[in-house]
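Look for subunit A in each of the two complexes below; its partner is subunit B in the first and subunit C in the second.
And now, the complex of A and B:
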C-alpha cells in the first residue's frame, strides 16, 4: 500500500466514521435520557436518504404517509388519554393542531412542491420537515407507555420498532436503492490529496453537532434538566422536570441527527430500505467504545470504526463486516475487566 | 400421577398422533415449529428465567448447521459425528462469548450477541469453504443403521423427540436446586450471592444450555432441509427467536412451544396474503410482528402462556415428608466461643464517614443488639460484616478466619448468613422454594443431574429441611403460597426461615421485627431465644426498643458512625451518653 492509497483510505474512514459518530451521539443521547437502546436510530438515516432521493426524482416520497399516519395515531392515543383524565375539551385544540393539522400541512407542502424539483437545499429542508417529527411520534407511540420498564424490555421494544420500521420503509420505497446528488461537486486540493466537498460537509456537520450538543447539555437550563432526568427520573419529576418532555426532546434530537446524517451520507453511498440497521449498529460499536456515556469518546470510537472499516475493506474486503463486529468482543472484554459494577442490577418485579 | 404430568402426557400423545392425521405440508410446518421450539426454549430459560437477553441464538444454529454440513458432505462423516462436532464447537463459542459478556450488565450482553450474530452471518457468506452465499447442498439424511430419516413423518418423530426431551429436561431443571437458583437470578442476584449461589457461573450454564439447544436445532435443520445457506441465520432470525420466547412467555417451558407455534404459523399465513396488499414483494410480516410485539409488551411481560394455562389450575406442590433423613449440620462450637470479631472497621462514602473505628465481638449462644439513632451507621456496619460492602480499613474474623475482603459467597460458606432490611424474596416463587434457596450450599447436585432427575433424594432432603424451617417459624400454612402474596411482616419471617435453612453459625438480622404485630413479635422473640439456646450467635439491628431490651444479652450503641457505649441492656438504658443520643441533650 502506498501513501496515496493510505491517505485516501484515511479520508474515507474519517468521513464514514463521522457518520457513525453522529449515530453514536444520538444513541448516547437517547440512552442517557430515556434508557432506551435505540436500535432503529439508523432507520432515520435510510428514510432521509431515500426521501431525498425520491424528491430529487421529482416524485412524492412515501414518508408523507408515515408522517400523517403517525400523527393521526398519536392524536388518537392522546385523545383517549385526555378523555380518561376528563381533559379532552382543554387539550383537543392543541392536539388537533400539533398532530393532525401540522403533519397534514407538511405533507401537502411536499406533495405540492415535489414535482417542481426546487434544488438540493429546498429538498433537504423538506426531508427534514418530513422525518424529524417522526422521532417524537415514535417515542409517544412505542416507548412512552413503557417509560418505567427495564432496559431489557425497552431493548426488545427497540427491536420490534426496528422490525416494523424496516417493513414500512420497504412498503414506502421498495427494494431498490437510491443515491442522491452531492450538494456541490467542487474539490479541494489536487493530485492524491483531493478532498471532496461532501467529505468536508460530513465532517464539519459532525463537529458542529457535537459542539451544539455540548452547549445544550452544559450551558442551557433545559439541557441540564434533561441530564437530571437521565440520572434520576423520580428526582427530576419531584423538582418539576417533565420526563415525558425530556423523552420527546431526546427523540426529536435523535431524529434530527439521524435525518441530517441521511442527507449527508446519501450522496456518498447508495441507501436501501434496510441500510439503517448496519449504520446504526456501527454507531453503537463506536458508542460502546466510548462507554455509552461520553459524547467525545463515543465520536472518537465511531471514527475508529470508520477507519477500521476503510482499512479492512482494502486488505480483506469480503470480511469487512465480520472484522468490524468482531471488534466489539475484545472491547466488551476490556470493559468487563475494567468495569466497576459487575453485578447487573436486578430487574424490578 | 399429578395433573401437570397428565397434561404433559396428553400433549405428548397429541403430538405423537398429529403427523398421522394431517397432510405432509403441515407435518413439515410442525417440523419447523419443533426446531424453533428448541431455540426458543433456550431463550425462555435465558431471558424469562435468568434475565439475560440474547439476539444471537441464530448464530449458534448456523454454526452447528454449517459444521455438520461441511463434515458430512466433504468427508462423508456420519451425521451423528457431525452432531458431536457441532455441539463441541457451539459449546466452545458459547463459553468464550459468555465469559466475555456475562459479567457486564444485561444490555452489553445483548448488544454483544447482536454484533456476534452479524459477524458470524457475514462469515458464513464469505468463507469459500462454506459455499459463500450459495451455501452447501446434498447434505445426507440422518441414519440409524439402514433406516434413514428422510420423510416429513420420520423427521417429525426425530425432531419432536428431541424437542420433548429438551422440554422435559428444562422442566426438571427448573424444579430443582440449581433451577431455584436460576429463577432467583433475574430479580435477586445479590440475595442469591449471599446464599453462596454463583450467579455468574449459573448464567453461563444457562447460556451454554441455550446455545446447545440452538446447536441441536441447527443440526436438525441441516439434515432436514439437506441444504444450508446463510439467509436462514441472519439477524432477523435472531430477533424472531427472541420474539417467540417473549410471545410464548417467560415463566414456563411451555412458553417456548406456544411462542414458536404462533410465530411460525402466523408468518406462514402472513406470507400468503400480505404481498397482495403491497406493490413490491418483501418481508412485510415484520411490520405485523413489530407492532404485535410492542402491543404485547404494553399489556404484559409474561407472554401469552399464562392466558392459556389459566384453564389448567396448578397442581399443588406435595408437602415434603418431614421424616426424610435430615441433612448433615455444621459442628457447633461450644457456647461462649467468640465466633465473630470486628476490629477497627472504617468506611467513608466520599467525605461522609459512615463508620469510624468500629469493633464488636459476638459469641456462640448470644444475641447482640446493634442500636443507634437513624443514620448512625448500623446498616453500613452490617454490610461491612456480611461482605456486601468492602471496608476502607479494619478486619472481620469469623471463627478466627479473616473474612473481610472475601466475597459474600465465601462468607456464606463459612456459616454467616444475613437477612435484608428490604425484603429480598423471589415473589413469584412459593415460600417453600424461597426457603429452600437458603439451603443451596447444603445440596450437591448440579444442572445435569437435575435435568436427568438424578437428584431426587438430595432434593427431598432439601425440601424437607425447608419445610421444617417454615414450620418452625410458624408459617406452615403458607408454605405453598407465592411469597409475594404474604404480608410484609410475614415476608420478613420467611427471610429468617431461609437464613435458618442455610444452617448458619452466625445470623445477622436487619430489622426483623419491622412490620410485625405484637403477637408476631412475641413469637419472633421466642424463636430467637430458642436459637440462642441452640448455640447460634445472632446480631440484630432493630429500632423497636421494647423488643430489643427484652431479648438481647448485650447491646452496642452507635452514633455518628462511632461506638457510643457497650454493655447490658439495663446499663445502656441508664447510660447518660445513650440517653443524650436518643433524646437529644437533656441536661
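And now, the complex of A and C:
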C-alpha cells in the first residue's frame, strides 16, 4: 500500500466515520434520556435517502403515507388517553392540530411540489419535514406506553420497531436502491489527492451538527432539561420536566440527526430499504466505545470504526464487517471489567 | 366563613401491589402554616408525601390543592400549580452545576414564559450564601448540608405555595439541622406553607403550627404542635427521655 491509497482510505474512513459519529450521538442521546437502545436509528437514514431519491425523480415518496398514518395513530392513542382522564374536550383541538392537520398539510405540500423538481435544497427541506416528525410519533406509539419497562424490554421493542420500519420501507420504496444527486460536483485538489465536494459536505455538516448539539446541551433550557432527565429522572419530574416531554424531544433530535445523515450519505452510497440496520449498528459500536454515556468518546469511537472499516475493506474486504464487530468483544470485556457501577444503577431502576 | 385549606387530603389510600401503605389518611394544610408529620419508620410518611406529589398513584381518596382536585394530575402539572417536594434522597442533578440545578428548578415557570424566574436566583443565593460560592461546582461535589440547601433552593425556584420536605435533617450534623429548620421557619414567614416530615420530632414540633402522628398508615393523633409536644403518648413514643436533653440532638 502506498501513501496515495492510504490517504484515500483515510478520507473514505473519515467520511463514513462522520456519519457513524452522528448515529452514535443520536444513540447515546436516546439511551441517556429514555434508556431505549434505539436499534432503528439507521432507518431514518435509509428513509431520508430513499425519500430524497424519489423526490429527485419527481415522484411522491411513500413517506407521506407514513407521516399521515403515524399522525392518525398518535391522535387516536392520545384521544383514548385524554378521554380516560376526562380531559378530551380540553385537549382535542391541540391534538387535531398537531397530529392530524399538520401532518396532512405537510403531506399535501409534498404531493403538490414533488412533480416540479424544485432542486436539491427544496427537496432536502421537504425530506426533513416528512421524516423528522416520525421520531416523536414512534416514541408516542411504541415506547411511551412502556416508559417504565426494563432496558431489555425496551430493546425488544426496538427490534420490533426495526422490523416494522424495514417492512414499511420495502412497501413504500420497493427493493430497488436509489442514489441521489450530489449537492455539488466540484473536486478539491488534483492528481492522486482529490477530495470530493460531497466528502467535504458530509464532514462539515457533521461537525456543524455536533456543534449545534453542544450548544443545545450546554446553553439552552431544553438541552439542560434533557441532561437533567438523563442524570436523575425523579429529580427531573419534581422540577416539572415530564418524562414524556424529554422522550419526545430526544426522539425528535434522533430523527433529525438520522434524516440529516441520510441526506448527506445518499449521494455517496446507494441506499436500499434495509441499509439502515448496518449504518445504525456501526454507530452503535462507536457509542459502545463511549460507554453509551460520553458524547465525544462516542464520536471518536465511531470515526475509529469508519477508519477501521475503510482499511479492512482494503486488506480483507470479505471480512470487513466481521473485523468491525469483533472489535466489540475486547471493548465490552474491558468495559464490563471497569464499569461495575453502571450495572448496579440499572438494577436499582 | 373560613378560607378553604391550601391542601386537603381526604381518605387517602396508597397500595404497593396488594399491600396497603396508607389506609384513609385525612390531612389539611392551611396557607402560610407549618404542618409536621411525625411517626416511626415504616409508618408511611414518605409514601404520604409521594402520593400528595403524584409520584405514587392513589388507590383511593383524593387530593385537593388550592381549591382544585389534583388527584389525577401528573407530577409536572402539580409542580406548575405550586406544589413542590424535596425528597429524602434530594434527587439533585449531580453532573450539572449548582446554578444549573437551581435554574432547572424554575423549569415549569420558564416554560410558561416567565422571564423573571432568573431573578429569583439572587434571592436563593441571598438565603443560601454557600450555594453562591459553589455556583459553578457540580452538585455531586457538595457536602450533605449544602446538598439539602440546594434541594430546597431548587424547589423554591418553582415559587411553590406549598413546600413538602421529607426528612430534611437526614444524615446532617445537629448544627446544620438547626440551620435548615431555622430557614424552614423563615420560609413560612414569606408566605410559603410547609409540610414537614422529620425524624427529629421535637425540633419539628417546635417550629410547627400543627402536627400529625402517623402510625402504620393511619393518623393516630393530630392537634396543634404544642398540644402534641405535651401529649403523654407523643412524649413517650417520639420525644422520650430526650425531653431532658438539648434540642438539637438527632
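In this section, the second predicted complex is superposed on the first by the 340 of 349 C-alpha atoms of A that agree within 3 Å, B and C clash if a C-alpha of one lies under 4 Å from a C-alpha of the other, contacts with A are read in each partner's own complex, and residues count from 1 in each chain.
Just so it is clear, a residue touches a chain if its C-beta (ideal position, glycine included) is under 8 Å from a C-beta of that chain, and two chains touch if they have at least 3 such contacts.
Everything numeric in this text was worked out from a predicted model, so none of it was measured.
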Examine A:212 and indicate which partner it touches, taking first as subunit B and second as subunit C; both and neither are also allowed.
neither
Would you sort A:97 into first (subunit B), second (subunit C), both or neither based on which partner it touches?
neither
Just checking: does A:228 make contact with subunit B only, subunit C only, both, or neither of them? Give me first, second, both or neither.
second
Answer with first, second, both or neither: which of subunit B and subunit C does A:241 touch in the superposed model?
second
Subunit A residues touched - subunit C or subunit B, whichever exceeds
B
Touch test for A:57: subunit B only (first), subunit C only (second), both, or neither?
neither
Complex contact set, residues of subunit A against subunit C:
85-86, 221, 224-225, 227-228, 231-232, 234-242, 245
Touching residues of subunit B toward subunit A in the complex: what are they?
47, 51, 53, 55, 97, 100-101, 103-108, 110-112, 114-116, 118-120, 122-123, 126, 186-190, 193, 199, 235-236, 239, 242-243, 246, 278-291, 293-294, 297-298, 301, 427-428, 484
Complex contact set, residues of subunit C against subunit A:
53, 55, 72, 74-76, 79-80, 84-85, 87, 89-96, 100, 103-108, 110-111, 154-155, 157-158
Touching residues (chain side subunit A, partner subunit B) in the complex
37, 142, 145-146, 149, 151-153, 155-157, 159-168, 170-171, 174-175, 277-278, 281, 284-285, 288, 318-322, 325-326, 328-329, 332-333, 335-336, 339, 341-349
